Amino acid sequence: MLSLVLPKGSLEKATLELFDAADLTVRRSSDRDYRASIDDPRIERVRVLRPQEIPTYLEQGLFDLGITGRDWITETDSDVVSLGELKYSKATSNPVRVIMAVPNDAPWQSVADLPEGVRISTEFPEMTRRFLDRHGVKAKVVPSYGATEAKVPDIVDAIVDLTETGSSLRKNGLRILDTLLTSYTELVANREAYEDDEKRAAMEDVALLLQGAIRARGNVLLKLNVAQSDLPGVLDIMPAMSSPTVTALAGGEASAVESVVPKRGVNTLIPALKAAGAHDILEIPISKIVD
Amino acid sequence: MLSLVLPKGSLEKATLELFDAADLTVRRSSDRDYRASIDDPRIERVRVLRPQEIPTYLEQGLFDLGITGRDWITETDSDVVSLGELKYSKATSNPVRVIMAVPNDAPWQSVADLPEGVRISTEFPEMTRRFLDRHGVKAKVVPSYGATEAKVPDIVDAIVDLTETGSSLRKNGLRILDTLLTSYTELVANREAYEDDEKRAAMEDVALLLQGAIRARGNVLLKLNVAQSDLPGVLDIMPAMSSPTVTALAGGEASAVESVVPKRGVNTLIPALKAAGAHDILEIPISKIVD
Amino acid sequence: MLSLVLPKGSLEKATLELFDAADLTVRRSSDRDYRASIDDPRIERVRVLRPQEIPTYLEQGLFDLGITGRDWITETDSDVVSLGELKYSKATSNPVRVIMAVPNDAPWQSVADLPEGVRISTEFPEMTRRFLDRHGVKAKVVPSYGATEAKVPDIVDAIVDLTETGSSLRKNGLRILDTLLTSYTELVANREAYEDDEKRAAMEDVALLLQGAIRARGNVLLKLNVAQSDLPGVLDIMPAMSSPTVTALAGGEASAVESVVPKRGVNTLIPALKAAGAHDILEIPISKIVD
Amino acid sequence: MLSLVLPKGSLEKATLELFDAADLTVRRSSDRDYRASIDDPRIERVRVLRPQEIPTYLEQGLFDLGITGRDWITETDSDVVSLGELKYSKATSNPVRVIMAVPNDAPWQSVADLPEGVRISTEFPEMTRRFLDRHGVKAKVVPSYGATEAKVPDIVDAIVDLTETGSSLRKNGLRILDTLLTSYTELVANREAYEDDEKRAAMEDVALLLQGAIRARGNVLLKLNVAQSDLPGVLDIMPAMSSPTVTALAGGEASAVESVVPKRGVNTLIPALKAAGAHDILEIPISKIVD
Amino acid sequence: MLSLVLPKGSLEKATLELFDAADLTVRRSSDRDYRASIDDPRIERVRVLRPQEIPTYLEQGLFDLGITGRDWITETDSDVVSLGELKYSKATSNPVRVIMAVPNDAPWQSVADLPEGVRISTEFPEMTRRFLDRHGVKAKVVPSYGATEAKVPDIVDAIVDLTETGSSLRKNGLRILDTLLTSYTELVANREAYEDDEKRAAMEDVALLLQGAIRARGNVLLKLNVAQSDLPGVLDIMPAMSSPTVTALAGGEASAVESVVPKRGVNTLIPALKAAGAHDILEIPISKIVD
Amino acid sequence: MLSLVLPKGSLEKATLELFDAADLTVRRSSDRDYRASIDDPRIERVRVLRPQEIPTYLEQGLFDLGITGRDWITETDSDVVSLGELKYSKATSNPVRVIMAVPNDAPWQSVADLPEGVRISTEFPEMTRRFLDRHGVKAKVVPSYGATEAKVPDIVDAIVDLTETGSSLRKNGLRILDTLLTSYTELVANREAYEDDEKRAAMEDVALLLQGAIRARGNVLLKLNVAQSDLPGVLDIMPAMSSPTVTALAGGEASAVESVVPKRGVNTLIPALKAAGAHDILEIPISKIVD
């Protein structure tokens, strides 16, 4: 039986929706309650807590399994086991990075150029200090509690902050000097719990259901009918990774084809299928895919 | 042609969503309008009114069919016909009960222990008076218009109130002395209308569509492929109540299996199916199930 | 590669939902940004602008393709090509009309009865002036910026305004004197771009995907099982426009039937199918239909 | 020391603002808490409860003093003492009345015309039954839980309901047949508490402060300077009920005049004062007036 | 008796607050109702309508008096009488201007430099056309319905738009080429009504009350005590425009000074007064000042 | 010229209202902008930043003057100068304290009882570590990012957290073991800036205006008339700290009395004054009081 800790805050809504889609619905008496439960024999305790706190809780064994970002695992330097990235939480396909940025017109081209006493604002003071140590830079690291990007050059000389598209950096007239970390949302386990066979099996079931729900979001089920003569042409343009099921229709002159295809690309696939002779094309939503 | 009355207030949103899912979409010119309509040849008039008022309206024949709770049917002592419970409106699987509660430290262990003149606050004064009469208790029943639980012991000595999880009772330091009623949301008809053959057939069609939509919510369609050798093992772990459709795939070495399975349990079923040799498992949402 | 302009305001949410359903998801950095993009090789530039401005932009070639109402095309007298109506934006099935309305007790029975100097308030002053010219009426046309219907008779004598159900006219004590235009939401192209073969092909792909998503909303996939003996009866009551796929089930005594049927009507179809011997009826949602 | 009960709901905000203005600020840990307190040596316990429940609580001595409407005092037929009307809660200067209304085209001209079995919907069933008994009418009185006016003639034949401006009646095509009660918001006491000298003194202090704050809202302090020669003319147009304080300014040729005047009327008074020779006119807000 | 038209939209809230402060409270049955009333013998009819429509209504005599911006008076080229600016509606003390703006890197330095066929987007097409005609520029003027500044250079080459601080222009990379108009919120009358003696007197009373409320917002009443010896020093630093009232206090060794002073500046005045020997300094809010 | 830093977040609204009341209105282009300005010759730069960051900024001389809580000054161990407490930000008159709390049923009676390895969650890890060191306790201090109180005993054994009324502690079944700090909101300066004569004078002016606005909130101006014979009795019950101004009214038989009195207490003072013979009692709001 696993104890599970989920991230409160910006990831919270997407995480709860993912668990719901994975048939692991999280129940709470109110949105503000940090106590929760999942009606699943493998999960005995669920809590919703700040992502910053989660790596420490997992390392110390307060929970067996959790979801958090690599950024906070690194900042808190926690010793935990990752069961892999969960791609459910981002608006774009760009990775989230922890970067160091300076004003566009600053004279520095690399971290090594930073002068002694340079002031750096960041929500990741530990990671920043280790990074600066490695580069031999002596800086004043000032912990920031939000709006870090707006503080240059008004209050500090440089920042270490998260960026996804870089648009906020551009708005504030900043350029990236270096990248400290590329961060993903990960499913993370306590090391000892992970080495327990029964717990590890339960963790892998949970991972299977979550990944199945994530994959389903990126795919649809396509059903179509096609004349025998057009069948090869239609199968030719089906995405390589799909394995279509073909059934002969009564009379034998036509076939029904059914295949899971990626959502991204279906906007060009459907017109192409129709041009190749497919008709009665149906696109049907999927809730979960497990290979 | 039926006239139909639906509950305004806390049940309203869930009721309208249920009718939409049942392809009986309720149309109103605004959310606040109590006049509505459904584009269905069996339903000629729709109104959305307070659930307290609905049993009386149905008894007096102002409407043929309606949705309300058993609590208000009992409170108003209305003579109506029930077409059964509709399980669509609850957050948990606990039943809603009308209970009598007293402070944790009150000396009473049963209703019979209540002293003469005991003050009881309730939104169900009639049901409460009948209940007390049956137990021979002479009490001051004070009608309450909300927040009943908070009034003990500050204003009254005991309450009769609704509870689902009991958490509100616990927060207010109350314990349950007795249960007056277990209440469900029911589809209820006027007795005379129900005895009219044509109207009864229409009522049963409406019930069929509503129950079909409710059942669909608790189930999903599972599709999977499996090698012939693994087929018996996979079918063995399918839920007993489902009747899978098995189709041999081209080549004959594998089969496609399709089955409706309960949503509750799919979180353990999918890992088990995969372990038993199933692959290409798809979970597909359903809008309606009619046996 | 197409440039595309979508309508901001009352149509905005429904338009973005339609493009999402058509696998042409529109991305914007914020809801208020008028710059957008679609991840599709046929579409290079997307903007979200007021529908009043769109016909002019399309006529002048600032965009290749856009969505707007016939009302604004007519008001601005723009020379554009229509790729057809898009039925996704309306609450009811009534058409939207631009009408002239007068108080219930006004003495006029037709436009020709309007006296010289009559004051008319409207958001469509150009269309109104052309209409009055055709009928030989000399009026004072006063541009209105909202709440046009409320201005009669307090401020003006008549109005030219949009109406869908007529309920707002009735509330304000107005009756319709004449109809200037029945307006639809249309997919509209710049004439020159439309005559470019490559662009026209891209436009038709976009139209195909949008219409496929619109059709899917009005239909569902019905799956059912039926004994051989009941099969003809079941097929008889299937809607004429559907072409059911019939598969014999193992054992040969029963068949599986699968068919796309219109959502409107499924509320009477399902009880009829069950009465005709169908069982295990499933209704499954569809995301897109392309014939 | 008094126990005090204030009305929850539509009067709540205005009541709390009045007590604040009267320097009797009501404190609660949250807006939803019905427990409250006032930092005043005369008031030991404060509760915020539904106005329907208040008359009964006062009659039974659960509280010494409360605020509620005459409508609920009459409906519950409670024996309480009124310390007078509190004019703080209304948008217009029309009285709130409990009236009986029927459709405009109903044949009845007085209550006595109502036929046996007439259906009447009302939130005041007891008051309605007593009223009908007095007029010898045998009716079906149906308790209503809101939107009473919309139920005629669709569900009932007549209503008994509250009205202030009559606009909601007009919108629903109703006319008033009779008036059962003119209702005011009143400061009301338990009879026994009122007869206790010390408690009555405390009640009168509370009434003094509340009435002082109410009066202040309707008045302003006007300060102005005027030449000796114009003084009589200026004093002549001062409202009769005010007693201006006149002070000679240094030099003796001018006077300063200071007076409390009603807010209603100050819009015509100020131009008149200026025309009469006043200058440097200042209007200053007042928080409380006690004669 | 005057008919009055007030601006709906961005000025609406501030206008209603001003009228309230001027003891000319505007009453409406709901925020969305455009019909209103003021309890004042000089005002018989009040409407709340879009500011764009108001100049035309006033010119045509549909209303006697109204509030609107000079921008719309000029755009509609209406012949009306102004009773002066009302300074109540702005966040900053910068004037609102209608300006022509072009991209920072555009080659044009004055309006005359604009080439034939230049595309200009604006909410003020008439004003823009007259302005371009005066400068001999042949342009394509495209009416805009919002977000005009964001359309350069993506859709048009230049804009004519409102600006107060210029910050929105800067954000969009635009610079001002020329100013067409400096616009104020004005109290405006129909010419014929203004020439009627009785109506003009009523208009001036209204103006007096509005200006009295506006002045009061920018001033406070300061009361202080000061020893005789320090009195000259204190009076010296009082703002020149104020005429303090000085009263000798009992005993004759100290004086009470009372004066209306501008709010802007009181933050430096109070410390200075205290330094000059003033004590017991009170600042008291004023509701209206009429000289 | 001072640079000033104000607290963002829970204190933000109250702080901006205080500065507005002090005639030091803070202007920002939007609520989310951390750049601000005040139209005052003594203040050249204003920023709104998280209170946690403020002590460090002041110590390092990034700002001259700021507002923050003693809790964060202590947590960050910053060397700054306090210009005194600002009493404007609290709902109750209880002080805010940083306390250590444990479950009601924990065996520990003092900090010294805590066993080695005890887990303590806190938003003040530095202050907590110093406190534990002083008491010789070896604990695991876990930084908390919110909802600290809910983590006992589920996740940790004890907490160090803020409390004002203790109600949140009671709800979570906790009792206070010790108090680390009583915290006030303070006006705080950089040490070097404070020692600059000109800057210190400016700081004291700002303090004077802020304290003047704070005092005004707790007081009102009372004006009343009283017969000569009753004057001594009336003056006797005036609060000791007020110095009433007494003016003889015309005729000499009555006096006008004017005095600033504390708001707290005016609810008993007014009835007492009236009983002592005062009449025409007016209570008038004050914006600022400077002795």
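Quick notes
By written order: A, B, C, D, E and F. Residues from 1 in each chain.
As a convention for this text, contacts are C-beta pairs under 8 Å (C-beta built on N, C-alpha and C of every residue); 3 or more make two chains touch, one makes a residue touch a chain.
It should be emphasised that the depicted structure is a prediction, and the values quoted were computed from it without experimental measurement.
In summary, the chains found to touch both subunit D and subunit F are E. Two copies of one chain, subunit B and subunit D, form a contact in which over half of the residue numbers belong to both partners.
Between the CA-based centres of subunit C and subunit E the separation comes to 43 Å, rounded to the whole angstrom.
Centre to centre, using the average C-alpha position, subunit B and subunit E are separated by 59 Å. With centres defined as mean CA coordinates, subunit E is found 37 Å away from subunit D. Across the assembly, subunit D contributes residues 247, 284-285 that each touch 2 or more other chains. Taken as a graph of touching chains, this assembly has some other topology, since it is neither a line, a ring, a star nor fully connected. Of all possible chain pairs, the ones that touch are A-B, A-C, A-F, B-C, B-D, C-E, D-E, D-F, E-F.
By the touch criterion stated above, subunit E contacts subunit C in their complex at residues 8, 34-35, 47, 49-50, 52-53, 56-57, 60, 62, 140, 142-147, 150, 154-155.
The residues of subunit D lying in touch with subunit F in their complex are 22-24, 27, 29, 39-42, 205, 208-209, 212, 216, 221, 243, 245-247, 260, 284-291. Across the complex, subunit D is touched by residues 91-92, 165, 167, 220, 225, 247, 249-250, 256, 263-264, 266-268, 270-271, 273-274, 279-285 of subunit F.
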